[in-house]
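Here chain A shows up in two complexes: once beside chain B, once beside chain C.
Presenting the complex of A and B:
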């Protein structure tokens, strides 16, 4: 039944595009929103009948296998939350019904790819669904046909192609060695020749491809251009979940279920993660545009996830998964804030807006919550995931990396506080005295996301019980 | 035994803060009433819990971080002290904050701080401690930020400095937990080897930065000017000192079991001595009431660190006694500063003078507190300082010398402060100044009374509050209450105080009206030459001494400013430059980006292959 999460959005897309009247097409945002709510509800209430029985009606046509575990659940929930937010904010921002309709179709298409990526247990299917997600994302970025957005989409396509080349090459090598592409067979085949240079090359090629997808330094360069130029509601979706699933989650899944933690690959991953943390944070400090700063901040936060992942202990992977979830929430929140500011002020350039705190109190305060969570200040959710990551690094005796992870929090605070001061505190600029709070949809979404951040922090014992310990068991 | 009652002191102020936020603004006095009620209730709770023993543990964050609280003598004592100061300062703030902007935010932050302090003190698990400890960072930031318009800058500075120190502590906690295999504070026993030593240093950085020691102090003087005054009285002067020194004592006594032979002991003592001397030298040249006090808040922390660093029972008792004494007199001093600010409209010493006649009760409180901080017998500061001296002298003469020098300059700067603010001719514009309102006076008088009580009857605090902390460690004959045993030290102290007094009188005479009083003798034909010589001879040592002191003070101030620049500009500039460089690398040219990605891939391949 769990494969319905792939089939259902596909069915919705098909039905929406049947030649019905326009009135029906207007219901698209409603249908999309309902789908994401359903997905979230399925994860939270966890009906056993739905999850335990992996019945795949497509098996007759395409040979791909699915399975789910605790790690997949974390991702399904993140996808549902971010997707729901993107539908709401997008439908609110786009006034033209046709554009709205396209947006929902594309979001759902990307979700098909992501949900499938979370479930499949076959390397080639992984690659195929990665491309499905990527193609939907290209169009999403370029949807508004702005000059910057087209350029950003172009860069994303070019670098994605390079990533595809790397991954296909790796796939070819792996098929040469093992003769098959399913996770189990490849794992068994690799186990037969663990020290082969060939195998290591194949692994690192696939990992590098995923680095490009996830936006990790030095494979990250497309990220700032894309996030900053795409419409904010698209950036919510891309930064919150697309790059996390197609880059980080697949890396996680491959390391845990296929490749295993090979020492030299692990070192590469940890180094790249630490580099991302520092470079992303430093570059964020120098930015003058809110959205561009958020993009660099994303690079830095993905670095945390990748670093923890490279550490490889069950605790570290659980911390990485939790941080992935947290990042999906607080980064979406910040991009929604950006959308609100952009709508009211016409720009997100930090020098052109100021003193919004008194004019837009909800936007101001929710962005404070998001930034404190990002920087890892208790009792917010970000504190716990960073704590888990740092404890895991210390327990694995990676003292240097633990110190890097810890002290980069200061940089995180520094760039966010300077942003906060410039945009939200102080006196409003001339002509900005009459700015009003963002619309009810934006405010509502902001409050929901801030509530999740605060709630996951305060109810951490529950999170631990139903979330982190199960993930730990998957790994350990 | 499970005792959920330990939740009470954490919950009371927190619930009250939540209630404050939900009370509509139009109810007059509602916020004051709720805050006062909560602080009083908190005090009652702390009083009831004091002297009892209890533990509470609940599964919490997993992975060894269970939510465990432990009430025993030490934590009960700190909690009681914090509750007392919380109550007194709150009573004071009710009047002080009236009509000020952000009064409601102030009370909310205040109550949350109280709650977090109680939590941090009760915590018996390092992660729980960290949780509350870092929460205090937020209220610190908030309370500074609601001060003067330019306070946001100072708040950010404080946030960054304290935040970095907290991160050090977080690393230390992780390391200590990893090495000891447990996160329960009362179960951790670590040796001071390479990694253990690193954990120790990191934890100490966290503790002494909370106590406001050098070199993590530079936000305090700025906050003194920018933040609302009761903030200084409650956080840097009392709660943070109590918490920092409490944790330092836990680290040194429980977790690492320091002995005088270990390297950590001189490490702490040197930090203590540098803090004492350098901060007090800076206090000497300050011209603002609050700023001067804030440097003393830094300097006095040095005595506590020195006392605990000696690792001798008498020193530890002295250090802890000094901690509570300091919280008393420094809170009182800040409150007098607040009264002066509110009544006279300024705290700039050049605009003050002769207030003693207008504000006699405030002046009396100031006198008691100033005598206490200067270590004048029989006030409380005298007894704790004597114990620290005794321990310092037993370790090394140099440590004693630094502590005694600190005493001299402390006395000198308080004579200056008292003279400039309260004595001398009353300025024209201060003619209409009146005594402070009684709700502000009452806490000051009470605290001053406790200063006297703890001094005259020092056996009570020592026997009931301090000595049980050490338990069997407290050796016989050392640190006993009553008159200090070392008569030589007492005499030296007396000489030092007298010296400071004479120094002041002479200085005042030279600079002020005293100089004119001897003008006619000075001009007499025969005597003039003699006086000239006499003046040179008699006063040269003074002038030279003052010059040396002044130059040293200027040097210290320069070092202080340099540190400030280092924190404010140096680090920021380096980081911003790095950020801009990285930003410029992103040219937007996708062929460059492709080259990066491919180069990264090749490097990774080479690494894995090689």
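Presenting the complex of A and C:
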């Protein structure tokens, strides 16, 4: 039944695009929002009838197998939350019903790709759904046709296709060695010939391709351009979930169920993760634009997830999954704040905006919550995920990497506090005295996301026991 | 695998590597967005060729055919999206020369 999470958004897209009256098309945001709420409810209430039933209507027509486990559930919930936020904020920001209609279609299409990516058990299907998500995001970025956005979209297209080429090369090599593309068969085939040069090359190529998609440091050039130039509600979606699913989650899934944790690959992944943390944080310190800073911060936080993943112990992978969920929540919150500021002030440049705290109290305070959660200050949710990651690193006797993870939290706090001081605290500039709080939709979304961050932090025993720690069994 | 298919594989691989170098050079050397897209096409074609050869060598021709057909469809979709972006760039700036578009710093 879990395949319904792929089929349902597809069905919604098809129904919306039937030649009905325009009045029906106006319902698009409503339908999209309902779908994401349904997905979130399915994960939270976890009806056994839905998740345990292995009925798969797609299997009758295609060689399409899928499976779900605790790790997929974390991803489904993150996708649902970020998608819901993107629908609300996008429908609020776009006044033209036609554009709104396109936005919902593209968001749902990207969701089809991501939900499928979370479930598939075949390397080639993984690639196909990666492209579905990628094409939807190309169009989302370029949708408003701003000059920077078009350029960012083109950069993203070129790098994304190069990543695809790397993954396909790797796929070809794996087919050469094992003759199959499904996870199980490839894993068995790799076990039979572990020292083959082709296998090493295939692993490295696939991992590099995923690094490009995830925007990890040596391959991060497109991230700041795209996040800063795309409309904020698209950045919410991209930074919150698209790059996380199409880069980090697939890396997780491949390491867990295909390649296995091998010492040399682990070394590379951990080094790249630590590099990402430090370079992202240092570059964020130097930024003068809010959205660009958020993009670099995103690179840095992805570094944490990748570092934990490279560690490879069950606890570390659970920590990575938790941080992925937290990152989806707090980074979306910060980009929603950026959307609110952009709407009222017309810019997100930190030199031109100041003293918004007294004018936009909700935006100011929710951004404080988000940045404290990012930096890992207790009792917010970000603290617990970073704690899990650092504990796992210490348990695995990776003291150097644990120190990097710990001290980079200070850097995170530094760049975010300097942003907060310049933008929200202090006296307003001339001409900024009449700024009002962002619209009710933005404020509502900000409060919901801040609530999730605080709630997950305070109720951490529940969240950990029912939601995060089961992920350990996936690795074991 | 039989000897003749091994030699076929290495010949084809050499050709694939040449095509990839050509594609990457094409992307790096040009200032024209359309030509960059052509470079991407060359890269994708190289990979497609490799998949076909791999299918032939390992006797999994049916699998390779299924993969390649899907791949071609995906490639067309990506190219249409990319072409749309290039067209919008042209309509906006009246040029597709990268040197006049560098608004974003890396």
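The rule is simple: the second predicted complex is superposed on the first by the 476 of 476 C-alpha atoms of A that agree within 3 Å, B and C clash if a C-alpha of one lies under 4 Å from a C-alpha of the other, contacts with A are read in each partner's own complex, and residues count from 1 in each chain.
Going forward, a residue touches a chain if its C-beta (ideal position, glycine included) is under 8 Å from a C-beta of that chain, and two chains touch if they have at least 3 such contacts.
As the structure is a computational prediction, the values presented were derived from the model and not from experiment.
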item	value
First, second, both or neither for A:390, with chain B first and chain C second	first
Of chain B and chain C, the chain that contacts the larger number of chain A residues	B
Chain B versus chain C as contact partner of A:154, first or second or both or neither	both
Partner chain in contact with A:286 - chain B first, chain C second, else both or neither	first
First, second, both or neither for A:221, with chain B first and chain C second	both
Contacts of A:162 with chain B and chain C, given as first, second, both or neither	both
First (chain B), second (chain C), both or neither touched by A:264	first
First (chain B), second (chain C), both or neither touched by A:46	neither
Contact residues of chain A, present in both the chain B and the chain C interface	151, 154-155, 158, 162, 221, 224-225
Chain B-touching residues of chain A, taken from the complex the two chains share	151, 154-155, 158-159, 162, 166, 197, 200-201, 203-205, 207-208, 211-212, 218-219, 221-222, 224-225, 264-265, 267-268, 272, 279, 282-287, 315, 372, 377-379, 383-384, 387-388, 390-391, 394-395, 399, 402-403, 406-407, 409-411, 413-414, 417, 421, 425-426, 460-461, 464, 468-469
Touching residues on chain C, where the partner in the complex is chain A	20, 27, 33, 36, 40, 43-44, 46-47, 50-51, 54-55, 57-58, 60, 63-64, 67, 70-71, 74, 77-78, 81-82, 84-86, 88-89, 92-93, 101, 103-104, 106
Of chain A, residues touching chain C in the complex	124, 128, 131, 134-135, 138-139, 142, 145, 147-148, 150-155, 157-158, 161-162, 164-165, 168-169, 171-173, 175-176, 179-181, 221, 224-225, 228-229
Footprint of chain A on chain B - complex, ascending	59-63, 127, 130-131, 134-135, 137-138, 152, 156, 159-160, 163-164, 167, 170-171, 174-175, 177-178, 572, 575-576, 578-580, 582-583, 586, 588, 590, 592-594, 596-601, 604-605, 607-609
